[in-house]
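In the two assemblies presented below, subunit A is common to both, partnered first by subunit B and then by subunit C.
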Partner chain A sequence: MTSAIAWESLVEGQGPEPWTVGPITLTDVVRYQGASGDFNPIHHDVDFAQASGFTRPLVVGMYQAGVLNTYATNWLGPENVRRTKVRWKTPLFPGDLITCSGKVARKYEANGERCVDVELVCTNQAGAVAVEGAMSFVVP
Partner chain B sequence: MVDKAALGETGVPFALDVERGKIHEFATATKSTHPAHFEGHHPACPPTFLTTAFFWETRVPGSNPWEKVRMDPKRGMHAEQEFVFHGPPPRAGTRLIGTSRIEKIFEKQGKRGGTMTFAVMVTEYRDEAGNLVAEARLTGVETAKNPEEGG
Partner chain C sequence: MSEPLPDEVKGWIDQVRYEEEPEFEVEKGYVYSSCSSTQNGNPLFWDEAVAREITGGLMTPPTMMSVWFRPHHWAPGRTKQRLPLQIHFDLKERLELPEAVMTDNEVIFYAPIRPGDHLRAHQVLRSVSDLKQTKLGLGRFWVIDVEYFNQDGTMVGKEIYTGLGYRRGNR
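And now, the complex of A and B:
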């Protein structure tokens, strides 16, 4: 199944409505760790997190990166992704509410395909940037 | 403490079978309900799905050269992650062969002083015919102190 996105509807500087997810629960973190195979105890074991200098377990960064990617694939279609890059800025903790937003950075043609680069941001409830993302999609 | 001698270390190839149930589980865990991940026998994998290489590498001793970087687990953080697809993201039923290599190790000065050491590992994924399907690029950073304290 291919998501139909009208090329004309993609406008540089514009994107879909922001998407708010959460508050993130420890169950969300554990579910993600089970799905991904990253069982680093700093994300679910209070004693381990405190021994590492944190007050409590922090959310595994690939969780919020994955949610940010979900926001983008809901917009432009999972089969159309050709590149995704995320950079973490501020750690998140269970209880945080995250908001994903994005916009078109560039529309272009490459190798006979229509392509779009998008810029994405995931912020916490205080507005601090948790993750910055950049993705490239084809637009069939 | 990062061991700069790890630069260029290459892991033993490992197989990663892209599985339908795992795609459902991973898409659910990342809050997706998109039918492309749930319908049919060969759903598309989510963009960050190849992070599930954790499950496959552990079965193949020597497949993960990241261990040789020897980043301090209490001062090390995942700084950046990239996935590149040379065509549509792989679908369930695809067997990928992954090979990881330590591509870069470099230092930067932190904003509040203290040296940050970065290491980059690239994992190339090929299909059984040898075609390059995807690349994963992991950047880790070791800070001079605990990241929550700033630095």
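And now, the complex of A and C:
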């Protein structure tokens, strides 16, 4: 993390070992809500979640996006991030395991900087894609 | 499904709205809580000496940009609840779409956000789609930009949210 990763070591189609987190607990969700200031009751109130059409509270989407961000920035450094994009595909629920993986999509030079675009994905224990992500980094 | 977009909503598109400052400055406590909850041990968020050497000081995680603008649910003297991303809630109400989810979030970073920074932000509605039938129900997609500036007036980043407001079923 924050290591000066060598440009030459980055290979399109390759990435770090996957990282698995969880099982996520409702306490993890509440902890994240406290940290983020997002207190939407759909994430901790069973009655509210059911009235909204879910069987139970769902995990805050930014939680899994944050874990995916941890995975990517431990690889290429938070100081080097230039752009992130996430798309939520499948909701997660307490009890789910999440696994992050990623690979280099493109290496290129732009405006005198060496850049790398990476593709990221976060899946649950059944292999369903919870979050698709893309990030752009500069590599000093 | 060709219900026209109200003129009032058309008038919001590309207009800078809801210029705001957060209730508190960027601070380490929230950073530590956020990093702890997502198991992020990067020293750029935790170790002042390492961060100073690499980036000139502690910074905040990329995913925290909007956190500084989430109002507390109660504050002394406040009579009306403040909501984050107010345009999103305005659209739900004006378009009578009671349910909503965010489908995409994109963040572009221009400069680090550091503890002690005093930020300000504004929101811009960029587009609203025609009514569409989705798996969740009948609704519209909208795109909202939130642009963030620090105390020097430097734009530190921009978030692009895609939301879906909908009515459950086929109503």
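FYI, the second predicted complex is superposed on the first by the 138 of 140 C-alpha atoms of A that agree within 3 Å, B and C clash if a C-alpha of one lies under 4 Å from a C-alpha of the other, contacts with A are read in each partner's own complex, and residues count from 1 in each chain.
Here is the rule we go by: a contact is a pair of C-beta atoms (placed from the backbone, for glycine too) under 8 Å apart; a residue touches a chain by one contact, two chains touch by 3 or more.
Computed from a prediction, not measured in an experiment: that's the story for all the values here.
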item: Room on subunit A for both subunit B and subunit C (clash or fit); value: clash
item: First, second, both or neither for A:74, with subunit B first and subunit C second; value: both
item: Partner chain in contact with A:86 - subunit B first, subunit C second, else both or neither; value: both
item: First (subunit B), second (subunit C), both or neither touched by A:35; value: both
item: Partner chain(s) touched by A:54 [first = subunit B, second = subunit C, both, neither]; value: first
item: Touching partner for A:123 - first (subunit B), second (subunit C), both, neither; value: neither
item: When both partners are placed on the shared chain, which of subunit B and subunit C touches more of subunit A; value: B
item: Common interface positions of subunit A, toward subunit B and toward subunit C; value: 1, 21, 28, 31-32, 34-38, 52-53, 61-63, 65-67, 69-70, 73-74, 77-79, 81-88
item: Of all residues in subunit A, those that touch subunit B in their complex; value: 1, 3, 21, 28, 31-32, 34-38, 40, 42, 51-55, 58, 61-63, 65-67, 69-70, 72-74, 77-88, 91, 135
item: Of subunit B, residues touching subunit A in the complex; value: 22, 25-32, 34-37, 39-40, 44, 46-48, 51-55, 58, 73-74, 77-89, 146-149
item: Residues of subunit C defined as touching subunit A within the complex; value: 30, 33-34, 36-45, 50, 54-55, 59, 61-64, 67, 70-73, 84, 99, 101-109, 112, 168
item: Subunit C partner contacts - residues on subunit A that touch it in the complex; value: 1-2, 21, 28, 31-32, 34-39, 52-53, 61-63, 65-67, 69-70, 73-74, 77-79, 81-88
